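Given below, in the form of structure tokens, are the structures.
Each of the next two complexes has chain A plus one other chain: chain B in the first, chain C in the second.
Now for the complex of A and B:
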């Protein structure tokens, strides 16, 4: 886990990690949230809607932003204040996702950073894009 | 920039941050008057004002403000010092 202090972070700094989104994560997310929508569970249903298989929960993909902030940028001192995102492309179970963030702004009045975030699949397609505002605790 | 211009720009910033074009901002307006004005939105207001007016505040200054009028006074003072 990174332990960046506010002063150790620079505008332009980047962090990223890769994760495979599997059925195990899908099942756990369904169990936690109670989102039993068939689009995320039933291949035949998803096919009827024009997808190659059941679709991963968008909010499951987004949940890796928690890891981006809490483990990578800034890591231990993270306090997420806001997240604004768009889901650009569907994610399917089995996809390998690369979660990336780049610091675009620092504010030393409140010790916070703004981070441009994106998630790309194994084909390099951007499946999620947005920004986060993260406090960097003392 | 005179004080009424500062208040006009502050009003625009409030309307933008709270996404509400009907907001009426007066000197005596404070966080009790706007339901969504919590600690996080306070940070966003200050960040937006720093950008808009090209100023830098410190935590003590913005922590002592009791209402929008005091914020406008602080901005006017800082603009004069520039």
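Now for the complex of A and C:
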């Protein structure tokens, strides 16, 4: 886990990591949230809607932004203030996701950083883009 | 699970549900994401940072927006396009959260609805506010 202080962070700094989103994470997310929507559970239903298989929960893909902030940028001193997300392509269970962040702003008055985020699948397609405002604790 | 079609949804329509966020969900979310930040795990560390106990992952609280869209508004036909979230108060394991959504816009061209969302704790304090843009599938 990174332990960047506010002063150690520069605009332009980047962090990234790769995870595989599998049925295990799908089942655990469904258990947590109670989101029993068939698009995320039933291959035949998802196929009717034009998908190659059941689709990953968007908010499960977004969950990895927690890791980006809390483990990578800034790591230990992270306190997420706000998040904006757009889902641009479906994610399917089994996909390998690369989660990336780049610091685009620093607010010295409130020790806040703005991090532009993207998630790409194993084909390099962007499946999520957005930004986070993160407080960097003393 | 609700099965609202686009035509059955009106601006001003509301949905809400209540969940308890416990250590079980905290552990499952940590397992999914790999976010091992001590603020969410270590009571003593969180106390040093001014909290009464370890703090819930913000993106775990945000996960319930998946349920709001996929089960309640619009329910089965949901496909989340984008999400904006602000965290306004900390959530602690054991908190009872009421997740609410209100339809504020309908886009007839793309069958999209905009839903204003809020999450309040058992004391009625707003812990998350934001909005979602959601496609309503045929």
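Definition applied: the second predicted complex is superposed on the first by the 138 of 138 C-alpha atoms of A that agree within 3 Å, B and C clash if a C-alpha of one lies under 4 Å from a C-alpha of the other, contacts with A are read in each partner's own complex, and residues count from 1 in each chain.
Everything that follows uses one rule, which is that a residue touches a chain if its C-beta (ideal position, glycine included) is under 8 Å from a C-beta of that chain, and two chains touch if they have at least 3 such contacts.
Please read all numbers here as calculations on a predicted model, not as lab measurements.
Student: Contact-wise, after the overlay, does A:81 reach chain B, chain C, both or neither (first, second, both, neither)?
Tutor: It touches chain B and chain C both.
Student: Where does A:109 make contact in the superposed view: on chain B (first), on chain C (second), on both, or on neither?
Tutor: first
Student: Looking at the overlay, does A:119 come into contact with chain B only (first), chain C only (second), both, or neither?
Tutor: neither
Student: Looking at A:37 after the superposition, I want to know if it touches chain B, chain C, both of them or none. Which is it: first, second, both, neither?
Tutor: The answer is second: A:37 touches chain C but not chain B.
Student: Regarding the shared-chain residue A:71, is it in contact with chain B (first), chain C (second), both, or neither?
Tutor: Second partner only, chain C.
Student: Which of the two partners, first being chain B and second being chain C, lies in contact with A:62: first, second, both, or neither?
Tutor: In the superposition, A:62 touches chain C alone.
Student: Does chain A have more residues touched by chain B or by chain C?
Tutor: Ranking chain B and chain C by residues of chain A touched puts C first.
Student: Quick one: classify A:46 as touching chain B (first), chain C (second), both or neither.
Tutor: A:46: touches no partner chain.
Student: Return first, second, both or neither, reflecting whether A:136 touches chain B, chain C, both chains, or no partner chain.
Tutor: In the superposition, A:136 contacts neither chain B nor chain C.
Student: Where on chain A do the contacts from chain B and from chain C line up?
Tutor: 81-82
Student: Help me check something: in the complex, which residues belonging to chain C touch chain A?
Tutor: 1, 19, 25, 28-29, 31-40, 49, 57-60, 62-67, 70-71, 75-76, 78-87, 137
Student: Enumerate the contact residues on chain B facing chain A in the complex.
Tutor: Per the stated touch rule, the residues are 40, 43, 46-47, 50, 56-59, 62.
Student: Which stretch or stretches of chain A touch chain B in the complex?
Tutor: 81-82, 107, 109-110, 112
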